[in-house]
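Each structure below is given as structure tokens.
Two complexes come next, and they have one chain in common, chain A, joined by chain B in the first and chain C in the second.
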Partner chain A sequence: MSVAQDIPHVTTAREMGVVGCLRCTQVWPVGTETCGRCGKALVSRDRKSLQRVWAWWIVGFLCYIPANMYPMLQTRTLFQVQQDTIVGGAIELMTHDAVGIALIILFASVVIPLGKFFAVAYLAISVKRRNSASFQQRQMLYEVVEYIGRWSMIDIFVVAIMSSLVQLNTLASINPGPASLFFALSVIFTMLSAQSFDSRMIWDVQSDAAGED
Partner chain B sequence: MAKTPTEVKIEPASAGRGLGRISFVWLIPLAALAIALGVAWQSYNDRGPVITIEFENGAGIKKDETALKYRDITVGVVEDVSFSEGLDTVIAEVRIDKKVAPYVDRSSTFWVVRPELSARGVSGLDTVLSGVFIEGAWDNKIGEATTEFRGLEDAPLFRPSRPGLEIALRATANGQLTENAPIFFRGIEVGRVGKARISPRTNFAIAEAIIYEPHGRLITPTTRFWDTSGFSVSIGASGAEIDFTSLATLISGGISFDTFVSGGERVADGELFVINVDEESARNSVFNASEVETLLVNAIFDDNVSGLSVGAAVELSGLKIGEVQSVSGIIDRAQFGDGRVRLIATLAIQPSRLGLETEPSPSAALNFLAGRIREGFRARLASASLLTGGLKVEFLQTDVAPPDSIFDMTVDIPQLPTTKGQITDTTGTVEGVITRINNLPIEELMTSAIDLMSSATAFVSNEDLQGAPGEVVGLLSDVRGLVGSDEVKNVPVLLNATLERIEGLVAQLEQEQLVMRLGKAVDAAANAADGVDTAIIGLPALLSSVTALADKATALPAEDMLAEITRVAASADKLLKSESTQALPADLSKALGEVEATLLALRENGGVLDNANKLLTSIDEEQLVQRLRDVVDEAAIAARGVNSAVEGVPELLASFQAVADKAEALPVDALVQELTELAATADTVIGTDAFKALPADLSKALIEVEAILKAIREGGVIENANRTLASASSAADAVALAADDLPALMNRMSAVLNQASRTIQGFDKGDQLTRDVENALRDIQRAAKALASLANTIERNPSSLIRGR
Partner chain C sequence: MDHRLPPQPVTDLIVCPHCDAAYRLQRPTHGERAVCVRCHTVLISPRAKAGLQIIAVSIAIVVLVIAATVFPFLTIKAAGNTNSVSILDAALAFSDGPLIALALSTAALIIFIPLLRVLLALYVLIPVVLDRMPAKGARQAFRLAEALRPWSMAEIFAIGCAVALIKLTDLADVTFGPAFWIFAILVVLVVAQDRFMCRWTVWKSLDGLRK
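Right, the complex of A and B next:
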């Protein structure tokens, strides 16, 4: 409460009895079913938003498990076949004194996806109950998650580019492992999860709190 | 102040109850979950069992990487590699596919495929890059399940991935079996020899082999295998030749086969074949008529002798019925009671050579042998060759040996009872001979020999003896001279003529029983002798006249005459010493050689003789005998005449007397003179060149004779001569016949002469004439005796007339 009190109260559109079209941003009075300009269905608050968030979140997390267990890259040289998982490959790189690259891989493939999971879950939980973070911080967090989500695909790009470039037949070849697919799916589902989140709900909590006050 | 917006009643856009409140998005995680669970369950469900395979070493086997392959398809992967308890072996835990798991039963085999570099090439090269893998082999039947296996060191020969005919190959004693060697048929590899092992009784090596399909149909009961390893060098008229099948067989050996007799059926699995040393012997083994599988028996010999070698003959009554297949030693304390090494020979007996009544087969041969052994049949060692000391095995019937019932026919290779060998110890015999030679008193013998030699030396060095050869030479030349004289040469001719006459005479005598007449004639001669007897009374007067004549003769200049004769002799001597004369004997010898050759030719043409013989015989019978009869009659008449003549002997003597008187009156001096002159003339004649040239002429004549003889021999004259000689032969036969009667005749003549002798004894012995007459009669007697002996000789050996001996 104390935090909410520090922040000046913002009057929401809902409080003013209007609803904005999410596509063309035309404001209509509450109760209007569809946007008179672009025809999109108008809802003041998406009541199923959190359900979708959690649903995508779960699928994304499920995909993230095999993405880490199965090998990401299959490196076949003349004499051996090497299969590396994401973490295993990063550790191997570190043993080869490529700490920088290892850190980048770890950051892009482990830290960011996991951070997204935590961020989305936090946001989804926070709209239902009070917490210490301000509305602005949470809005910022949401925007960061949505922005950064696409960059998680950098891993998949690396795998795809290496697979297509390093195909020297018998001498050496790099093929994507099964983990790459799961990783890509995981990224996609996480992004969907983030997109499903109706950020307006962040402010509802504030208004609820204000209303209580 | 801004107008506070009016409170708007907010209605949920679609605040549906129940299902309407739940987003359809939940289907996606549900689907994901379902898929994940499904995959998890499926992967769990697809997991096959884990089997453990023990290997001697784990070279190249890696956890999670090394695959288990069946027909080159991965059907499992090694999940873990660990040691067995005690670190003896390496245990690989392999998770196999669920689908093949039921087939991985107790009969399954596993081995590690590694890259292999051998003479026949490189195998398992793929494992160089991918690492080794475990190959498994199992049949297509589900058998007793097990999860613990023991891996093989090498790939097994028989595996389902390469089906083939399984056969067994047996090496000969000096052959070789190389493991994994290829089997060729007309230069194409159609099979492979497996691991060779030694037979239970260590007699030979045996190996499994596989003929890959579809080549299995090439193997029939008449198929023969031979060793093609190594190379053969042959040097012949066509040059040197080096022969080897392939480089691979040159290094690691190989086996080739061929079916020399067509028409056989494919053999069943497990058939046993013998590997021959080379193609030729393989070929021969086929054409050995109706040879069947040999019966193998063992024979343990107590004789510890060397010389029994592989391939030595096994004989039954001198007939080879098999051969020794292997020879080795055996120590069997349990069976023999001592630790001595005994000779054990494995005999390969060819049943078809035993002359069995039934179909020849090893079992039939075994029954046959068993029957014979009960009768005392035994094997023994015998000498095959005295020179080399080689031995053979001989089967023989022994009487002393008790029936041996320990002949166990149930064992793999039955053991024949044996008996003591009959071995001629050549070495021992030779040693004995040498010992005897050693014991000979050679020193004494040498001493005696030396003594003998010195005596002989002394004898030979005697001067008299050294002179002897000269004398012998002189004697021989004298003899040569004598023999070379014309008289001697003429003797046979004369004798021949005489004998012919005698032959005629005697034949007549024989034919006409003229002996009686002769007897009469002789009687007449006896009468005549009587007459002589009386006539001799008048002889003294005659003798005195003769004496006077002799006296006169004594007074004759005999010295001169003798000198002349001496000169003649000298001339003759000179003549004889001349070279021409000397050459005569050689010519003569040559001529005689010709004669001999001619005679030989004649003798060889003896068939002609018979004809001539017959001819002459007929002549004899027809004419000669008649004439002889006449002659003998006339002789009888003559004898009678003699008789009457003898009656007139007194008168004759008187005439003699008169003659003597007259002779006394004769100018003997002049006669002697004449004689002397004659001798001188002879001397001059002999001295003339013409006479000296005579030997040369003679020599020429002899050469001519020689030429004639040659011509005779070469020409058809021989046949004529043949006939002639045949007649001579018949004449001789006649003589032989006549000679039968000769003794009687001789007796008579002897009687006559005895009578004459007695008559003459009446004469005055001191008288010169009487002595002369006596001598004359004695000469006649001697001549008669000689004739008798000649007749005897001829009687004994009629052919000597022809042969001249």
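Right, the complex of A and C next:
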């Protein structure tokens, strides 16, 4: 198995009449309901997986809209109160010549979340339509989405650090805005959406095509 | 097949959890890795003395987490005003009104979940490394530790610190407290502890305990 030769077709567990536990990888005969080692429910293919993916996806997207409309940060200085949304704050930083930081914020809070919505939707639709676009690329896309999703929380942590640190009596204070709550919820829901996806379905088209030959 | 018998595990096969490819089980030796040929998922990656290393790193993490939450983390100075905060203060910044939920989850993501995962790993691994029977409820403990894996975000908080510091340097003087450096070491250890662990080997070692 560790011998690195590129075999295009492999025998799947489903073809062999067994099912592997997704949590502890113990193998059981098909029909076994729960894994005797770790207790996870065993399914050869999770038919309800796509429903859960879409449910979390929609909730996550609904939270992403107010996350961009309400202010993320409220900065109060001696004479003025300023409220910044995510994108507004990044533009503000750019005008202050902090282009690098503005790009990090834009990347973590806009590009990654939107990219994730597109990527998860694409994966779910491609599996539903039994698309045969490159399996390895889609598997890689799925792993990237799973890995990178957590990093969107960075903006929440920045807000947390700034608003606890900048509490300088009358001089200046920074407080979190309502968008922070919606943004955090959106990140959590999209993480759950990606976790619900059963990536074994990506590969089924390949195995089925091999079976018909 | 008689369905009244409890099903027996198929122990000579291993199945890739990502693409469902089945392979004849052949345990790699230390330093080798078993990789799925179809989707390149790492299935088994045993390391020599991994158990002891993980336990040592885990104990270090527990000590450092406690130190990092007690000492001041960052200090800000501007026009005669000073404010010092600990990591717990930073996590609990969202503490008014409905944002309290966010404060509690932030504290969990950056301190409590990483700490809990390390404690669970110690509970599971210490008896295994000492060649004893797995601890009571070791499987449930390891299950919980694995389920919490994506929700342990200490390293993301560390990058968040860097961004916040650069954003604030224009506004005021920011100095690092001892907890900042402790936290920096902590992040490296948390990531290392996670990388050292071969899930397959741990589950295999919990096999001895049949309910």
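Descriptive notes on the structure:
Note that in this section the second predicted complex is superposed on the first by the 196 of 213 C-alpha atoms of A that agree within 3 Å, B and C clash if a C-alpha of one lies under 4 Å from a C-alpha of the other, contacts with A are read in each partner's own complex, and residues count from 1 in each chain.
FYI, a contact is a pair of C-beta atoms (placed from the backbone, for glycine too) under 8 Å apart; a residue touches a chain by one contact, two chains touch by 3 or more.
Everything numeric here is computed off the predicted structure, so don't read it as measured data.
In the superposition on chain A, A:R47 makes contact with chain B only, not with chain C. Within the superposed three-chain model, A:I101 lies in touch with chain C and out of touch with chain B [touch as defined at top].
When the two structures are aligned on the shared chain, A:M16 is found in touch with chain B and with chain C.
By the touch criterion defined above, A:G31 lies against chain B and chain C together after alignment on the C-alpha atoms of chain A. Touch criterion met: A:C63 reaches chain B, while chain C stays clear of it.
Taking chain A as the reference chain, the count of touched residues is higher for C when chain B and chain C are set side by side. The interface of chain A with chain B overlaps its interface with chain C at residues 14-16, 18, 29, 31, 44.
Listing the residues of chain A that touch chain C in their complex gives 1-2, 4-7, 10-16, 18-29, 31-32, 36-40, 44, 93, 96, 98, 100-101, 104-105, 135-136, 139, 143, 146, 149-151, 153-169, 171-172, 176, 178, 180-181, 184, 191, 195, 199-200, 202-204, 207. Per the touch definition, chain A reaches chain B in the complex via residues 14-18, 29-31, 33, 41-44, 47-48, 51-52, 55-56, 58-59, 62-63, 78-81, 196. Looking at the complex, you find that chain B touches chain A at residues 5-15, 21-23, 25-26, 28-29, 32-33, 36, 65, 129, 131.
Contact residues of chain C toward chain A in the complex are 1, 3, 6-11, 13-26, 28, 32-40, 43, 74, 76, 78-79, 81, 83, 85, 89-94, 98-99, 101-102, 105-106, 109-110, 139-140, 142-143, 146, 150, 153, 156-157, 159-161, 163-164, 166-168, 170-172, 174, 199-200, 203, 206-207, 211.
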